[in-house]
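Okay, so chain A shows up in both of these, paired with chain B first and chain C after.
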Partner chain A sequence: MKALQLAFEGLGSAALALFDEAGGMALLAWRVLVGLLTLKLDWRELVRSLYKMGVQSLPIVALTAFFTGGIMVIQSGIFIRRFGAYGLLGFGAGYATLREVGPILIGLMFSGRVGANNAAELGTMTVTEQLDGLRALAIEPIGFLIVPRVVAMMIALFCLVVLGNVVAIAGGALFGKLLLNVELSSFFHSFADNLKPWDLMIGLVKAAVFGLAISITSCHFGTSVKGGAVGVGRAVNNAVVAAAVAIMISDNLITMVLR
Partner chain B sequence: MIALSVDVVTKTIAGAWAWLFRGRRTRGEVVKQLYQIGNRSLLFVCVTLGFLGMVLVFQTCLQVNRITGDLSQVGAEFIKILVHEFGPSLTAMMLATRVGAGIAAEIGSMVVTEQIDALRMNGVDPVDYLIVPRFLASLVMTGVLTTIGVGAAVIMGALTAYYSFHLNPVVFLDPSHVRVGDLLTGIMKCAAYGAAVPIVAGICGLNARGGSEGVGTATTRAVISASFVVILLDFFLSGLALFTFQRGGL
Partner chain C sequence: MIALTAVTKSFGARPLLAGVDLAIGRAETFGLIGTAGSGKSVLAKILCRLIAPDAGSVRVDAAQVGMLFQNNALFDFMTVGDNVAFPLVRQAQLHGEEIRARVAERLRAVGLAGSEEKYPNELSGGMKKRAALARAVIARPPVCIFDEPTAGLDPVTTSKIYDLLRAERDATGATVVVISSDVEALRSFAPRIGMLHDGRLRYDGDAGAIADSDDPVVRQFVRGALEGPL
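After this line comes the complex of A and B, so read on.
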């Protein structure tokens, strides 16, 4: 009886915590939307964030994309060697990279680098009461800090996935030649002939949505930090976990709706 | 940074060896970490891998419908690729974010509040005391969570195939394509990821400097380094497997 009561208590408090966070994120998203529509955002912060989140993430994203292309070629290679269909390598690796694996892996890396960093930065500002300081100076933290970051993350991830796709395909072609001895021209023909612009588009839509998901989760957990250095660490942890779940769920929804 | 990394890696391996074969154990610490790393990541891994299974099956069925229209092999091939590639790698990516961030945040805040110095002052080696239990727990739990995650992905994949493409689950749930080589590849990957994530995260945590900002930076660095190491290991181990385990009829 006691155990049952404890189980229900645990379930209830977990559900309450979940809805609490989800509601906080929805509220934050709504405020960001209002701030965006009324153009109440700090443009200099936007440019600064774009540089910090976009340009400075380029090396890690390019490296990730390069090896992602290699991994996809190796995985397609297992099928292709079995059926002797070397002409389909570009198609197989390209389809998987553009539509699915590219956006997800780059998104997860982006969440680790930018989302976590953002949560840590906002968290530090929250625990050192800098957000209250801004409010005391009659500066609204949403328009000053949050909206520019949300916009910057969406744009940055979109551009990074575009560039990452290029690097991944180039890496795939290279490793296809090195590991499976598929000529570069045959790789690119099979890539270009079989894939449609829609395959690229679906990946780019995903990139923008992942950017939104990462920014909302990291800003929410960053601004709701409680309790010093330990709290900041925990907030970063929660932010990346929530971002990963959000990426997976939105990935499904986009795939099911847009096919 | 490099000296510290080498130091942590050697001490962790030596400590794990001593723990396993010479009985040098801190009581209950590994069990605690098994709970922290394993049980508390269970829901996260199940949710993410379940959704991954759904989306992979959906994409594959779309693609196959475009070319041949024969969906009968999708399930068997899906289970195969899940065992040797997506199961271990995506679970490890998830653990790199959750467990990696957790380890770095915990150790990082111990560094900035000078608890690590206190440990040293008492003659306790921080690597032995903090990283070795996490290393052992992660080694075990990456395998366990991958197994459970693959199960979740297969179940969700079968449901997606049934509801979206009317593919009979009996046809879908066909493990006959999984060879010994695939299993070996999966196990090898689990072991490598499980070993790498806590070490990388631990190094990042021990490198934390300055107050709460330093903890945030260390946590960020842990997530990104651990994820990247997983991708790198995936690439090299997949390449290795392509030319050894998965070559020919094994």
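After this line comes the complex of A and C, so read on.
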């Protein structure tokens, strides 16, 4: 009986903690929206964040995307050979990349690189009283630090997915030529003739939503750090896990709604 | 200038401030001491309007309060020059050239001339403290709160910091609250000292007489005695 009571207590406190974090994130998202609508954001911080989060992520995203395109071709190569469907290679690789694999993989890569860094940076600023320092100067951290970062992450991930898609398709075409001897022109005709703008749009909607999820989770856990260096480490961990969960849930929802 | 009446603040079940009354006049210098965790920094943040009290009233007759934080709170993504200029830039009342001149003058005053382009992580502990001090006072706030301005610094740097605080106070006539665990250094700076203990001000009076206080807690803390109620 005692064990059952403890189990229910544990379940209850876990649920409360979950709703506490979800409420904190919803509140932060609302404040960001209000800050955006009233244009209360620091433009210098926005430009700085776009460079740091977007431009500096280009090499790793391009590398990931190139090999993602290659993997699409390697995996589908078995069936392409078996059925002789060489004319469908561009369509198959493009469909999976644009709609699903591109946004998901680049989103997770972005979360690991940019989201974790953002949570650590904001967490360190919190424990070293830098956010209090801003407030003491009558500057609200939401407009000065959070809104620019949320906007920058959404724009950066959107652009990175666009670029990543291009690189992944190019990588797929190259691997198709090297491994399956599919001509580049045949690959691109298969891609262009069978895919619709909607296939690209679904991936880009996902990119924007993933960018929002990564930015809100990392900013929330970063600014609610308690307990020094250990707390910062915990915040980074929580931010990455929460972002991954949010990416998977929102991906499912978007895929179901925008099929 | 500053008036606290029956201020209380708890974190969870733990009451940190349990009815603090304090009045500090214009251009007065007040030193606040207390054991670790007694709520000194929380009181400073209440004065700075960073934390709201649970109950009681807080009145600070100043549009702007300059705060030197215990951890310096220098923005580590900005250069020292940008950090010090920050309060002036945000006020947007001065032009770029005037701001640069004021920053250079402030950095010179705290012994950091030519450090404008350095980042906080390139500075030693004492230099960070001086840069943070320059930022806290550059906009000439009428009320300045210095939280542990000499924590972790060697005696020579401690003397330099207090010299800087003295010069700043004399030049601006600001109301100054200094929180410190270094009782000796504080006694030479602040003519009036208060000791926070168990959520209340156990002593509030002449700095010269604090060592002979009737309260054994205050006496033990100031003298650093091992025997006693603490």
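Rule of thumb we're sticking to: the second predicted complex is superposed on the first by the 259 of 259 C-alpha atoms of A that agree within 3 Å, B and C clash if a C-alpha of one lies under 4 Å from a C-alpha of the other, contacts with A are read in each partner's own complex, and residues count from 1 in each chain.
Criterion: a contact is a pair of C-beta atoms (placed from the backbone, for glycine too) under 8 Å apart; a residue touches a chain by one contact, two chains touch by 3 or more.
Bear in mind that the values here come from a model prediction, so they are computed numbers and not experimental data.
In the superposition on chain A, A:Val241 contacts chain B only, with no contact to chain C.
Of the two partner chains, chain B is the only one that A:Arg113 touches; chain C does not reach it. Touch criterion met: A:Gln130 reaches chain C, while chain B stays clear of it.
When both complexes are overlaid on chain A, the residue A:Ser13 reaches neither chain B nor chain C.
Of the two partner chains placed by the overlay, neither chain B nor chain C lies in contact with A:Gln56. In the overlay built on the shared chain, the residue A:Ser185 is in contact with neither chain B nor chain C.
In the superposition on chain A, contact of A:Thr38 is made with neither chain B nor chain C.
More residues of chain A are touched by B (comparison of chain B with chain C). When both complexes are overlaid on chain A, the residue A:Phe67 reaches chain B alone and has no touch with chain C.
Common to the chain B and chain C interfaces on chain A are residues 121, 124, 128.
Within the complex formed with chain C, the residues of chain A that make contact are 48, 121, 124-125, 128-130, 132-139.
Every residue of chain B that touches chain A in the complex is listed here, in rising order: 44, 47-48, 51-52, 54-56, 58-59, 62-63, 77, 81, 85, 93-94, 96-98, 101-102, 104-106, 108-109, 112-113, 164, 211-217, 219-220, 223-224, 227-228, 231-232, 234-235, 238-239, 242, 246.
Residue ranges of chain C in contact with chain A, taken from their complex: 45, 48, 50, 64-65, 67, 69-77, 86-87, 90.
Residue ranges of chain A in contact with chain B, taken from their complex: 60, 63-64, 67-68, 70-71, 74-75, 77-79, 95-96, 99-100, 105, 108-109, 111-113, 116-117, 119-121, 123-124, 127-128, 179, 228-234, 236-237, 240-241, 244-245, 248-249, 251-252, 255-256, 259.
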